[in-house]
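Got some structures for you, see below.
Each of the two complexes below includes chain A, the first together with chain B, the second together with chain C.
Let's look at the complex of A and B:
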């Protein structure tokens, strides 16, 4: 990046190397994640076809690891998209109420439905309802300003919080309230093979769409009039991009509960490393998200005899990393 | 039929109208400069033509009304340079220029190698050769303006709408930018509409000048042929008391120079056709 030569090859070599390193680290963490847990798995046992080991591997570890990787990746990508589209480094998928909608939906699911799959569905429906409402409200503003979406998101967020509070009030404190609270804290614990496929496929599809639309996402970061005069149908494009980004988050959060910090931190980390917003940086943001969430999940199920909420560890891992990047950035400039 | 016509254009903010029923037209190959005091509606006029601001009246380029066009079609015809680009993320200079090709690309299509070459050539043309890989945010304000100019020139539109594109440029690059615009316009079926900060630049590089003297009054000057007294009178409606002089460059080319006079000497006699140097 310091060379004076015009470089045709963007993303730069720098971001390619970083992505390769990130992918390697993520793969290593995936192996650790597959082998970590209460039931001891060994490579020999799996290869020899030990039935119990294989069942634990496929039903518990593999799906859990998949959600860790894809979920972290999705949160990183969604965060990147939100921060770029809203031109705000503090924007995260929560801005348009997806997390609080998912929480309220999950709470309703825990109260009125039964079974993990129904709770997942209810939470997904809650997230979609919140996002749909926020975007519909913002469409009332004919000028289509960014700030309107943020304001609509805040309104929907408080509305969903109120719904959540009412649901908590009616919940039985011994069982239901506890499981609502536990759900909100976030965990990859309740995930098992049969319930995740649909969510993962949707999530990966949306991620693919976002990568394809990367050039358009950068155009949205220009000022609205400027973007329009670059041939962008700002309102429609922004709606499509936000919808895809939010669907990725909704499909993950409805499985895992709230996961703090990954969506905010991972894209920041990627940008601080590459000083760019190109597709390589977006990929790196996803990889960092996967690394943080997988590492946090490994810690969540290994540091104590009981399973801990994963958000504790995403924050514990994320905050020092962010501070390191800030200090490093200061030195450079 | 004129190349570009504006009829009865009105626009403003929150019910307060800044320009009212403005009409003018622009011929092919013409650079029209817009001059006006601060707040006289230069930016409003440009934004209304772009359709960024809600407005009344209509604009047409080669008979095609601009109002009903999709952003994509509009962007193929018209390029716009805002006073300050809103780009505020880390992005390479080359990628900023490549944004200009967006109207010619499909939604998911990537810029072709030829577009990249055109973009690099546009950067060279604007004096930013070798900056393609740099971070746009690390450029100076003037360099940013040149980069956005490169983006607009490369994009292949027919009418350029520029909002004080020279305001952050140093002395040398102000002239360079106007030279570039003149060269670009000379290539046929093209025209430029630009508001300018610097009246001397406008007097010497624009074929016509549109003076915004009130919400519903504008005056047209032809700096090449109008008599000095007329231009002085009209320009002083904007800038207060001023005087115009014809000077010669070393190579003999004639230039117009505008000087600010002290306000109390408005009607003091002076040599209208004084030649300095």
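Let's look at the complex of A and C:
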């Protein structure tokens, strides 16, 4: 918990160096990602301007890589923001119902609408509705305690799960139920240049907003009284920050389906590396998220002859990393 | 030092376990997806072990079948169902309950629909009932495989209940009420044939069951003969739930393509359930035909206008078709499944298998076994 507060301790390793290393690793993974896939792309073909190869490269390969990087980055940043604002190391997009809202929305989209674009929209709407409801419920508490948001979020999360269960029950097991299950497992296999523009722009915008507000975000992690003394309108600020963080998550999750563990793990990893809770750590959290998701997606599309759910690999890569950091942290103290 | 070591060891062990499970994930994709879909409560329970077990059992009855078919079953008759249970039926069953659309369709084909007193839920989504015996739609529902209505089923006091293998858990309760239960598992062609023989034997309709099997065998042989030496275009079969889910070589649908004189573009996949692929993979396969499953939740139009598929042979040539579902989904193991191959042969080889001929076969099938003319619907 201590590391959640803005720490005044001197950093053991310069976070700038860590960020540079993270960015280099992410860039290397991006190159690997561009080189990995089922369509036989050749350098000669691409340079010679082979229409088909160029289309596959830009529309499918590059788009998928971009979503991996930006998506992982967004999940890492959003996780950092949630954990900081709620002063809770276990906070993640699930806490205020984003993921379950997105799932319920996607399930409704699969059942009642048709086409991938509509499902994306429905899932986005579901995520926003869930968070809107959670924030509205928490506003009923005039004292404005931050625990109220968490409680409201958990209530909305359960509600969304119930809606999801009802939708699953009415689903046709052969097609709709299978679709819903596969959507929830999460995958980047259907990503293409035609479907991602809106989501990516929104996501990048919200990430930019979060970085511009990084001072305020860190202030929110201070005791409420302290923040008020510093002249911060806690309630409104918290609402704005949470909304921006939620939008980043919703814009990614509605494209890819649920991606587990990145939002929780990346910010923890960053904090354990820098031993601080500042803007540099936030950036490093994003980079770590991008690294994990890109690496996981490379594996998801290449380990087997079929596409595997990306969450399997985010957890498989993430868990050992977290354990390593914990063990390393113990040794140092 | 002393105290740190176990921790280090634990850490290494944990990482190793995770890595091991990672490689395991890569190798056993089939089971992985199968397990995932079973968890989803999907229609199929394609646990590979069960399949091989029951497949092994198929061998035996196959040789014994003609002997059984000759004389009408004399009761009591003892049969082995597809869960490997021995069931003794004392008298010819007069009232039947079917909790699975495949057995309901089979019972119509065996001319036993008059004896049905209860069928599975969502019967109104199966056009075959409306076409051949609308009275079935009025029957009480015994629920679905997800939510079986045990009490409702028992209240109908049937002589024999036919259920899918996944409802194994309710067998004991029904047996305690002195109701005979047969579990069926028609997951592929061989298992379906076994199901047909089993039900025929249990209900004293072995002759008709044999006629049904003969029809499929005859058509399979005809297609093999006519298409011998013909070119085999590559066919991508797009699944019900999603355009990017497809059937690998181990699946029923792959046989359908082969019998119709085509090659499954996804033959390299060994999954026993629908597998997810990427657009890239599809473009790399570059199939000559794209065939949509009959219950697909999207249309041929969606596929033809999908910008991600530009450059794929099938889309460029407009060779995108959907398996008709006017009566039944021929791409699933239903008694009429062979008609999927008959229909597809006319799509892939119109010059060898003219459409009129295929339509005549389809009409013959439904007139013989279901009592209506398909082409007039």
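Here are some notes:
Assume the second predicted complex is superposed on the first by the 320 of 333 C-alpha atoms of A that agree within 3 Å, B and C clash if a C-alpha of one lies under 4 Å from a C-alpha of the other, contacts with A are read in each partner's own complex, and residues count from 1 in each chain.
Keep in mind that, in the parts below, a contact is a pair of C-beta atoms (placed from the backbone, for glycine too) under 8 Å apart; a residue touches a chain by one contact, two chains touch by 3 or more.
Not measured: the values here are computed from a predicted model.
In the superposition on chain A, A:301 contacts chain C only, with no contact to chain B. Among chain B and chain C, the chain that touches a larger number of residues in chain A is C. By the touch criterion defined above, A:60 reaches chain C but does not reach chain B. Within the superposed three-chain model, A:84 lies in touch with chain B and out of touch with chain C [touch as defined at top]. In the superposition on chain A, contact of A:226 is made with chain B only, not with chain C. Shared-chain residue A:40: touches chain C; no touch with chain B. Those residues of chain A lying in contact with chain C across their complex are 37-40, 51-52, 55-56, 59-61, 110, 114-115, 168-169, 172-182, 185, 187, 189-190, 192, 194, 299, 301, 303-308, 312-313, 316, 319-320, 323-324, 327, 330-331. In the complex of the two chains, the chain C residues touching chain A come out as 4, 7-8, 11, 14-15, 18-19, 21-22, 25-26, 29, 32-33, 36-37, 39-43, 125, 144-147, 239-242, 244-245, 248, 268-271, 274-281, 283-284, 295-298, 302, 307-308, 310-311, 332. Of all residues in chain A, those touching chain B in their complex are 1, 3-8, 10, 12, 84, 87, 212-213, 215-216, 218-219, 221-226, 228-234, 271, 274-278.
If you check the complex, the residues on chain B that touch chain A are 47, 50-52, 70-72, 74-76, 78-80, 82, 85-92, 94-95, 99-100, 102-103, 105, 107-108, 110-111, 116, 120, 123, 129-135.
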